[in-house]
Amino acid sequence: MSETKFEPKIIAFLCNWCTYAGADLAGTGRKEYQANVRIIKLPCTGGIDPLFLIKAFERGADGILVSGCHPGDCHYNSGNYHARRRWNVFRPLLEFCGINPERIQFSWISAAEGGKWVETINGVVDAVRALGPFEGYQKLNTMGPDISGEAATSGETG
Amino acid sequence: MGKKIGVFVCHCGTNISATVDVEKVAEEAKKNNPGVAYTTTYKYMCSDPGQKLLRDKIKEEGLDGVVVAACSPKMHEHTFRNAAVKTGLNPYHVEISNLREQCSWVHPDKPTGTEKSIDLVRMMTEKTRKDRSLTPIKVPVTKRALVIGGGIAGIQAALDIADGGHEVIMVEREASIGGHMAQLSETFPTLDCSQCIMTPKMVELAQHDNIKLYTWSEIEAVDGYIGNFDVKIRKKARSVDLDLCTGCSSCWQVCPCKKIKSEFDMGLGNRTAIYIPFPQAIPSKPVIDRENCILFKDARKKNIPPNDSKVCRKCIDACPIAPVKAIDYSQEDEIVTEKVGAIIVATGFKELDDTSMYGEYGGGKYKDVITGLQFERLASASGPTEGKIERPSDGKEPEIVVFIQCVGSRDPAKGCSYCSKTCCMYTAKHTMLYKHKVHDGHAFVFYIDIRCAGKDYEEFSQRAIEEEGATYLRGRVSRIYKKGDKLVVLGADTLTGSVVEIEADMVVLASAMKAQDDAEKFAQKLSIQYNKDKFFSEMHPKLKPVESSSAAILLAGTCQGPKDIPETVAQAGAAASKVLALLSADELEREPVVAKVDRLPPPVFSTCIGCFYCQRVCPYGAIEEEDIKARDGSVIKTVARVNEGLCQGCGLCAATCRSKSVELAGFNDEQVYAEINSVEFN
Amino acid sequence: MQIEERKKIGYYPGCAITMGSSSEEYGTSVLRVSEEIGPELEEIHDWNCCGASSAHATNHKLSTALSIRNISLAEQSGYKEILAPCPMCSQRLIISQKDVADDEELKKDVEDAIEMPCDGDVKIINYLELIKNYCMDEIAEKKKKTPKDLKIASYYGCLLVRPPKVLNFDDPENPQSMDEIVEAIGAIPVDWEFKTNCCGGGFTLSRTDVVLKLTNDILECAADAGADAIAVACPMCHANLDMRQKKIGKEYKRKYDIPIVYISELIGLALDLGPISLGLNKHFIDTKSVVNAFA
Amino acid sequence: MIEELRKKAEELLRSDTVKVVFGYGEGSTPERTRPVFITKPEDVNKLTWNKYCVYNLTTYLKRQETRKLGKPAIIVKGCDAKTIIVLLKECQIKREDVYVLGVTCDGVGEPLATKCKACDVNTPRIYDDLVGEKIENKEIPFDERYAELDEYEKLSEKEKWDFWQKQFAKCIKCYACSSICPLCFCDRCIVDKNQPQWIDPSAHPRGNLSWNVTRAYHLAGRCINCEECQRVCPVDIPLNLLNKKLAKETEKNFKYRSGYNIDDELAMSTYKEEDNQDFFK
């Protein structure tokens, strides 16, 4: 990444059964896409707490993608439906606080949709690149006393 | 002291190393990360020498956490975790960083790929730091099976399991086992008599030492989980003591209520109020139909115990058993509990009864418009006409019969879009049975398509057309109306593009196979899924066709979707074999990726506040309520607890919990936090 | 309560039943009955053709625009409901309304053409719906005459209940609403088979032979079921069954003398309104037997 | 009405139906009221009722110290009664363990509280006994109920961000908002969880956004709009705007209004197959 050009950092929260496998399939098919994404795998989109997304923004992510199984395909029957409810309220809340909804995107990508994964992730990267860095949030990090991630987890064992 | 983590970066031949500088990735993993005690790269980590390297280094370096940066965890997570186990390291301290499918193969630019790989390895290293040891969950197995439904599917499954040496409980809600197959006259494509092949199986089941049969009984509730179900069975009051009764028939011969429509004969014949559904019934012992028996009617009207009614006591007087009669008017429903390890659901189908749905076919008001099963009873030698084809209205032998296929099937306008699969074949069979009995008669068949895919099926339907002379017309029937004593059938022949009008003596609707009326309620009792048509859903449409969505609950026969007898029997056998495999072990081992609600020392006990959102969202009913009690037995608070046997590890509960009192093992809060926190942002 | 809820309803006569046209007795009797038992009907100002017949077969956009213009006019006058007694009209209006709701582009074109917006949710109802929704209690209350042994075959024809997905009115295969109205005025509804069969309306001028066969089936079935008269709610059905009855008889060698009456006329008779004011003198088949049954 | 209230309270205490009555008492000035906890029948004259009874007493149902007093009778306005419904649904109280003494109300506060401006629960929707003339509950159209949000929703993205940053910057993390909230009843708030520490508990601007967004989100489909959080905020952050926004989304998307119907499934614990998914790719 060059110093002058802004390269957004995207964190993607994916369900194990559909979208993670879809991203694998894109790999098997050698489908090239932009390298800005860091994937965090969870069993199900239903297991994604909005706190994860808040934390990702707080850490400096410029954009977030949440992706899981298509409605009706959830490995756990209804996890994605519950997740959809959650995002139905969480997304407008962030928007209301002045966070551009393009920075937080949702998709259904099945294990067979390697192509859709590539399209989606490229779409997210392009959209966020157009928006520019999420300075608003990132500025908060530097205001006031600095509490780094490490210090915040000081409760760890050992 | 922190963990000692080893990072093993795989070249995967050149699959990874061509576009990722693996050496640099290994080097960076160590840099600024005191927790990483050892890093290396290797050509093929998954090869035997690669695995040996992993094992050796775990031992040599004393590693208690491992990151393998290689292909997708879906490929070799299992391989590397197993390798770790051999060294004594708990497998859940091994994590995979996906450098191949999600990096080297998709980012051809080497610096870019390398940079991303460094990030990915760091994320996994941080997650590994928070990994905890997990032990597989062991679940004991009750070595008995429950089969719900005593049709051909249930009978086959029960016999297979019982022959395999395990006990089987069979529950059938009707008074006899046999199901729909016992009602059929002949079966396609061989035209052998259905009862001739069915009855021996019924007898075998009744006499099997390993099978306990509950007829006239229904499932009240199912609790528990794989290997450990508690089943409550409602034994409906039969009014007849099965142990005392010999089935001598004295009682039903004297019963004065003779005009009750026989369910077994699809309403075409009559039965008495104390009755056996059909002569070959198993058990061959009667039941009193309390709705229609005049004694019970009288007791209800006067609001007295049935024993006090004096209106009619003919059956009990006729009962030759002494000193205690086999008939007992005061019998009540009884609930029994059985423990089983696995359940086969074989609850079958219901034939569409078209009273309201098909107004254009008379909506049930024409006696001579009958359903497929009714035709089976007409054609059956044991049926109400003893096998003579006589139309219900006046007993006349019909000279022209019109068969209409796809009634209630493939008809989205009526809300049923699926194909019932068996009707093409049974309609062809009906035309043959009809022609065999009424030689001068003429059979017309209206069809959409003829779907006879099956061994010898196509030949069979061609025989109906070519040898037996049934006239097949491709088109739908728009209306049936009565004209004199004829039924005028208005239809289209789409192959000639003309309108067809047939004056028929009788019309047979190839009625659809529908899910049982109470299928939805039943599925909820068992926590299994069903589709839009209320047929129970299989776990996977291809690879797990007999498993339901709940572990150790299997599906057999038409409760899962329309199918014919051979298919039903095959599926029942498959379900039985799954049960036998399950019951072959004393204990089951399950992956420990399950949720857990925290428990803390007093006075907190648990941060769970007992709002039970987790319970409401759990797709498996795995969240239970637990009372935390003081020494004196008083309840301090009621909190949630996860039943590990039921939990499938989706994490819905954890994400729903506002106080984060529930965590999912393997994906706990600290692990996810570490992953998010370790992404390098500039 | 019901009186408060009741508002003026926009009345869309359409070409067939408006004053001076072939089926004016339908319109006349509808208005006459509503004067008596409500609800108040008000003719939509400046209404035009509904776009049925030739228009909808040749130019979808034109026919939609024609229909929508009527709806928009009604909307602007503040009506919440439109009564279109002719089922051809009510069906056209409803279908156009649905088409526009489903197709943004079409909506824009139509709005441009009629120079009016069409956003409202005015409900279009047919005559049976009007009676069922607003008048059943009033009929029971204000009924003055009960016909003696008058057996009526309710004939719905094709348009009142079809296509069911769009109209969503009554059971498309075995409708009951007209039978219930017949029963409410004290006549006897007969159970018969041809309630919803086609009368051949679309072929009335081009293929009279087909029409004769279809109408004969209907008349024959009604006669066999013992009907004294056939009740209709469609000017097209009426024309085919009434006007052609003699010719059908000749063609199929059976003498028919079955009065074809509008359901509105029957209600009017039960309310003791004058037969002439209801237009009962304008039929080809003499309606005297029906009128006399109310004596 | 005050007399009736006192009489009812006295009866309840005398008959030992309840051990304590949670009510409003006179405050230090005529414009103030304070919560009172009456345990003796002779003290019922301390109870009062006037337009300054703004706050929601149901918050005392979650507090250990007031729970210790035994079975309470609690005085609730129509708006407060909604809390009772939510607490019942969320298993925090048992119906038989609380005696709900409803009062009809045509608005409180001077000037009139915001929550009263589009009130459709003048008469409580749940109660054991009702004091005051029954008022027919109005139906208020959706738009009118959420009219307060209009001016904020109209803002541009940047204006919204700036507005809220200015507001959140004031936050001193005193947690008065969650302490007063009758529905923030966790034993351990997420902000107090430190392994890991999801939300920075210090008065740092970064934690401020996370805290305030999370607090609001945790009330999604639950908040009954009593506005207590906003009332007690020492730095005047308009917290209820966030709650109201979520209530609006919940109602719009799931046709659910918290605290209105005891038979409704809790919005965030259920789903419908036809739920909105327009924003999914």
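In order of appearance the chains are A, B, C and D, and numbering begins at 1 in each one.
The working rule: a contact is a pair of C-beta atoms (placed from the backbone, for glycine too) under 8 Å apart; a residue touches a chain by one contact, two chains touch by 3 or more.
Please read these numbers as outputs of a predicted model, since none were measured by experiment.
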Review point. Once you count every C-beta pair in contact for both, which comes out on top, B-C or B-D?
Key: B-D
Practice item. List the centre-to-centre spacing of subunit A and subunit C in whole Å, with centres computed as mean CA coordinates. Key: 59
**Study point:** Distance from subunit C to subunit B - Cα centre to Cα centre, in angstrom
**Key:** 51
Exercise for review: Could you please state the distance in Å, as a whole number, between where the Cα atoms of subunit B are centred and where those of subunit D are centred?
Suggested key: 45
Revision key, fill the gap. Chain centres from averaged Cα atoms put subunit A and subunit D apart, in whole Å, by 33
Point to revise | Residues of subunit B whose C-beta touches two or more other chains | key: 617, 656, 660, 670, 673-674, 677
Exercise for review: Indicate the residues of subunit A shared as contacts by at least two other chains.
Suggested key: 55, 78, 82, 86, 153, 156
Check your understanding: Counting only residues that touch at least 2 other chains, which ones in subunit D make the list?
Key -> 190, 195-196, 198, 268, 270
Check your understanding: Each pair of chains that touch: what are they?
Key -> A-B, A-D, B-C, B-D
Exercise for review: Spell out the residues on subunit D that touch subunit B in their complex, using ranges where they run on.
Suggested key: 90-92, 185-190, 193, 195-196, 198, 218, 265-266, 268-270
Check your understanding: Any idea which subunit C residues touch subunit B in the complex?
Key -> 164-165, 171-174, 193-194, 197, 221, 224
Check your understanding: Within the complex, which stretch of subunit A touches subunit B?
Key -> 1, 9, 11, 20-21, 23-28, 30-33, 35, 38-44, 46-49, 52, 55-56, 59-61, 75-79, 82-83, 86, 118, 149, 153, 156, 158
Check your understanding: In their complex, what parts of subunit A are in touch with subunit D?
Key -> 50-51, 54-55, 58, 71-72, 78, 81-82, 84-101, 105-108, 120, 123, 136-137, 140-141, 143-145, 147, 152-153, 155-156
Point to revise | Interfacial residue positions of subunit B with respect to subunit C in the complex | key: 358-360, 363, 413, 479, 481-483
